[in-house]
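Look for chain A in each of the two complexes below; its partner is chain B in the first and chain C in the second.
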Partner chain A sequence: MQKDFHYYATYCAAFLAGYDHEDSLAIAYSAQFVDDCSRSVLRRLKAPLNVASTQLNLELMEITTDILGIQDITRIWASFHFLPRDLYAQKEGCGKLYMDKYRLICGPNGELVKDTVTLAKKKSLQSVGIAMHVVADTWAHRNFAGTPSLVINNTDAHFFEILPDGTERKIKFRHSLSAPDDPENGLYTGSIYQSAENSIMNLGHGRAGHLPDYSFCRYKYLPAWNEYREMYKDNPSDYWNAFRQLIYAMKFLRGEYDEFHTDTYENKAVEGFEDEIRAILNKRQTESGSCADWKAFGEKLSGKEIPDYNENTYQDEYITANKDEKSDTFLGKFFEGTLAQKSMVTSRIFESGNLLAGYSVDPETGKLIRQMVKGGLKR
Partner chain B sequence: MSKGQRIRRFIAGFVEIPLAIVMMLIPKLGYPLILIALSLGLTLRGARDLFYYFTLARHMVGGRRSFYTGILIFDLGLFTASLTTIPHIYILLYLIGIHAFGGLVGVLAALEEKRHGAAHWRLKLSGGIVNIFIALLCVIFIKSENTAIYIYCLGMIYSGVMRMVMACRKTAMVCIR
Partner chain C sequence: MENNNENDLKIRRYKNQLMMSGFGCILLGGWSAIRMILSVYLEKDKILDALRNAADWSIYESVDAKTADTVLFFTYLGMTVFILIISFLIHFYVGRCAVREGRDGRKRNFYLVIAGLFLLSIVISYIGIGDKNIADSAEEAISKNADVVTYVLDASMAFTFLDMLFSAVLSRIYLKKNGGGE
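Moving on to the complex of A and B:
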C-alpha cells in the first residue's frame, strides 16, 4: 500500500471510527511515516537508529546479505510491512531452513495482527497509526515475506491481470525506475531477477512490482512457495476488508470493544458509503489519482481540509527539543511506537525458534541482547 | 549482487588471468594447476547447488533447475579431478569441452534470465558465445597443441576480465516498498 491508503484512507477510517479531525490526521501521518522512517532520516534527526521502520534503496544497496544483514532487514520488513501470518505454520517434508522462511509469509488475520493492535491499546495516537499501517499491509502484501528469499518471493512469467470485463492479460514487468507503471497497457515495474537466494531483489513483493499496492488490481500468478498452484489476488476485495478492519481496530483502541478479534470487520460505520469507497478502490489509477479521490472522500466526511502529506511536518519540533523533552514530541512518541512494535514482532519470531529476525529483548529483565545493543538505544 | 558476491567474482577473475599466463609460459605446470582449480571450483559449486536444492529450492516453483545443474557440475568436478595421468591432448580436449559446455550454459542462462527480465543478460549471452567460439577455434587448431593452448589461454584471460568487469559493474536497484 502507498500514501493513498496509508495516509488518506487511514484518515477516513480513523474519522469513521470516531476520532476527531486532528487526531485522525495524527494517526494518518504516523501510518504513512512508517514508510519514510529510514536510518537516513533518523541520522538527520539525530534520533536512535534502531527505531527505523523502513530502508531506502540506497541503504539496501549498502547492506550485506550475510546473516546479520538478513536479520536487520527481516526485523524491519517483517515487523512493519510483511507481518507474518503464522509463525508455527506446517508444511510436509520441509526442513528448518525452508520453514524459517516459509513461516514469515505475510497474511491478514494472524495472531500477530491481534498482538499488533493490542500493543497500541492505551498508547499514543502515533502507536495507533503504526498499528494501522501494519494491519493494512497484511492485506496488500499477503503471500510475500519480509525477508530476502528467492524460494518464497520469486514470481515467474506466469502472471496475468484480470481486467474489469473478466478477460486476462499477461503482465509485462520492466525494470526501469524512471518509467511509471502503465496499467492501461499492462506494463509494470518489478525488481530484477536474481538467482541468489538472499539477493535484496528477492525481498517482499519486489518481483511482483507495485501490483499488490494498487487497490484496483486483480491478478493471478504462481507464487514460488505454493507447489505450482495458481494464486488469485483480489485487491479491491482485500482493500475493502482492510478498510473495515482498520475502523474496527480503531474502535477497539478507542474503547468501544473490550477485545480485538481477528477476522472481524466494521460494517455499521461504512453504511451509506460502501458504493463510494468501492468506486475508489476499483478505479484503474495509480497513486496520485487514488490519493485525490480518498482526500476528497475524507474532506467530505469531516468537512475539514486534509493537508497534503509532508514528511517533514514534525521534524523541526524533534530537532529543536531538549534531550529530556524529545520523547514528548510527536516523533519521539512515534519512535517509541516503532521500537515497541519491532521488539514485539522480533520477540515472537525469536520465540518460535526462528533466528531470521535475530535475537530478542527479554521484557521481564529488560536485558538487551545483540541487535538492540548494536543499533544503540542511547539518544 | 551483494558485496560478498562481488568479492568472490572479482577474486575468481583475478586468479584466472595469471593462471592462463602460467599455462602459456609453462604448459607442463599449467595443466595440473588448472585441473586442480577447475576440479575444486566445480565440485564445491555443484555441492553448494545440491545443498541449496535439498534444503530450499526443491519446494520452489522452478527449483528443480538447481538440482540438475548441481548434479552436472558436481559430476564434472569429480571427473576433472581424475584427469591427471593422461596425455595433454586429451586434457586439452576435455578443457575445450568444458569451455564449450560453459558457453552453452551461459547462453541458455542468459536466455532464461532474459525471460525473467534480469539485467546484463546481453553481457552473459556474448560471454557464452565467445566461449563457444574459443572452444571451436581450439578444436580447429588442435593438431598444433601450442596454438590451441594459446587460444584456450586467451579465452581464460577474456573470461577473467569479464568476471572482474561484472564484479565492478553497478547493480541496478529496483526495490519495491
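Moving on to the complex of A and C:
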C-alpha cells in the first residue's frame, strides 16, 4: 500500500475507531513512516540502524544476496510489509529450501496478524501505527513473500487486468522507473525478469509493479508458487476488508474489545460511509488522486484539517533531544515499536525452524533465542 | 474469475515448457556458432594440412606456399562463417517460433519440422559414435575429451528439441480439448 492508505485512510480508520484528531494523526504518521524509515534516514538522525523498517532501492542495490544479505532483507520486509500468513504451511514434494520461502508468503488473518496487533496493546500510538501498517499490507501484498525468491515471487506474461465492465485486458509491464503508471492505457512498471533465485528484482511484489498498491485494481496472474493456477486479486474488496479490520484492531487497542480475533471486521463504525469509501477505493486513479479523496473524507469526518504527510515532521525533535531523552520523543517511541515488531516476527520465523530471517533475540531479555538448543523446533 | 481446470493447468505448463525450450534452442545455436569458431582457431594447423591435401596443386605452382595457404585458409574461414551464420539463424528461427507459440499462441508448423530434423541428425550422429576406436595416444585422448563435451552438449540439444516437439504437440492437443482457449 502507499501513502493514500497508510496515512490518510489510516487516519480515517483511527478516527472511526474512536481516537481523537491528534492521536489519529500520530497513528497515521507512524503507519506511513514505516515506509520511510530506512537506514539512510536513520544515519542522518544518528539513530540505531537496526530499527529500520524499510530499505531504499539504492540500499538494496548495495546489499549482497548471500545468506547474511538475504537474512537482513527478510528481517525487514517480512516483519513490516509482507507478514507471513502461515509459518507452518505444508506443501507436498518440496524440500526445506523451498518450504522456508513458501512459508513466508504473506496473507491476511494469519497468527502473526494477531501477534502484531496484540504486541501494540498498551503501547504508544506509534506502535499502533506500525501495527496498522503491517496489518494493512497483509491485504495488499498477499501472495508475495518478503524475501528475494524467483520461485515464489515471479510472475510472467500471463497477467490480465479485469476492467470495471468485466472485460480482461492484458497487462504489459515496462521497466522504466521514471515513467509513471498509466492505468487508463494499462501501462505499468514492474521489475525486470532476473533468473537468479535471490535477485533483488524478485523481492516482494516487484514483478507485479505497483498493482497490489492500487485500490481500484482487479487482476489475475500466475504466481510462481501456485503451479500454473491463476490467482484473482480483487483489491477493492481487499482494501475494504483492510479498512474495516484496522478499525476493529484499533478499537481493540483502545480497550473496547477484550480480545482481538482474526477474520473479524468492524461494520458498525462504517455504517453510512460504505458507499463513499467504496467509491474512493474503486476510482481508477494513482496515488495523488487517491490521497486527495481520502484526505477530503478524513477532514469531513473529523472537521479538522489533515496536514500533508511530511517525513521530516518529527526529525528535529529527535536530533536535538539529549541522549537520555531520545526515547521519549515521537521518533524514539516509533523506533522502540519497530524494534519490538521486528524482534517478534523474526523470533516467530526462527522458532518455526526457518533461518531466512536469521537468528533472533528475545525482545524482553535481549538473549539469543535458544529454541534450537532445547530441541523444540516446530515443523 | 479464475480458470483453473485440469486442461488449463496443462496448457500453461506445456506452453511454458515450449517457451523455455525455445530459449534453449537459441542459446544452443549460439553455442554451435562458438564451437565452430573455436574449432577453426584451435585446429588451424590440422585444417591447413587437410586443405593442402585436398587442394588443387596448381595453386602452389602459381603463387608461393604461404600465399596459397592463406588463400585456402581464408576461403575455408569464409565458408565456415557462412555456415555458422546460417546455422545460428535456423536455430534462432526455431527458437523464436517456439517462444512465440508458448507466449502468445502464434502457431507455426515449419519450425517443428526443422526441430524434428535437427533431432534426427543428432540421433544419427550418435549412432556413429560406436564406430570410433579407443584412443591410444595422448593427442587422441585430448581429442576424445573434447568429443565428450560435444556429445554432452549435443545430448542437451537433443533433449531440448524433443521437449519442444512434445510441448508443442501436447499444448495443441489440450488447447483443442479446451475449445481453443485457456
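Please note the rule applied: the second predicted complex is superposed on the first by the 363 of 379 C-alpha atoms of A that agree within 3 Å, B and C clash if a C-alpha of one lies under 4 Å from a C-alpha of the other, contacts with A are read in each partner's own complex, and residues count from 1 in each chain.
Everything that follows uses one rule, which is that a residue touches a chain if its C-beta (ideal position, glycine included) is under 8 Å from a C-beta of that chain, and two chains touch if they have at least 3 such contacts.
Since we're looking at a predicted model, the values are computed, not measured.
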> Mind checking chain B and chain C on superposed chain A, clash or fit?
Replying inline: clash
>> Looking at A:C94 after the superposition, I want to know if it touches chain B, chain C, both of them or none. Which is it: first, second, both, neither?
In response: first
> When the two structures are overlaid on chain A, which partner does A:K220 contact: first (chain B), second (chain C), both, or neither?
Replying inline: second
>> If you tally the residues of chain A touched by each partner, is the higher count for chain B or for chain C?
In response: B
>> One more residue to check, A:K323. First (chain B), second (chain C), both or neither?
In response: neither
> Touching A:N57, do we find chain B (first), chain C (second), both, or neither?
Replying inline: first
> Looking at the overlay, does A:M231 come into contact with chain B only (first), chain C only (second), both, or neither?
Replying inline: second
>> In the overlaid three-chain picture, which partner chain does A:K122 touch, first (chain B) or second (chain C), both, or neither?
In response: neither
> Which of the two partners, first being chain B and second being chain C, lies in contact with A:A157: first, second, both, or neither?
Replying inline: both
>> For A:I192 in the superposed arrangement: first (chain B), second (chain C), both or neither?
In response: first
>> Identify the residues of chain A that lie in both the chain B contact region and the chain C contact region.
In response: 156-157, 222, 227-228
> In their complex, what parts of chain B are in touch with chain A?
Replying inline: 1-5, 52, 55-57, 59-63, 113, 115-119, 171-177
>> Please output the residues of chain A touching chain B within their complex, sorted ascending.
In response: 35, 54, 57-58, 60-61, 64-66, 81, 91, 94-95, 97-98, 101-102, 150-151, 154, 156-157, 173-177, 189-201, 203-206, 208-210, 222-228
> Residues of chain A touching chain C in their complex?
Replying inline: 156-158, 162, 220, 222, 227-232
> In their shared complex, at which residues does chain C touch chain A?
Replying inline: 1-4, 8-9, 12-13, 16, 103
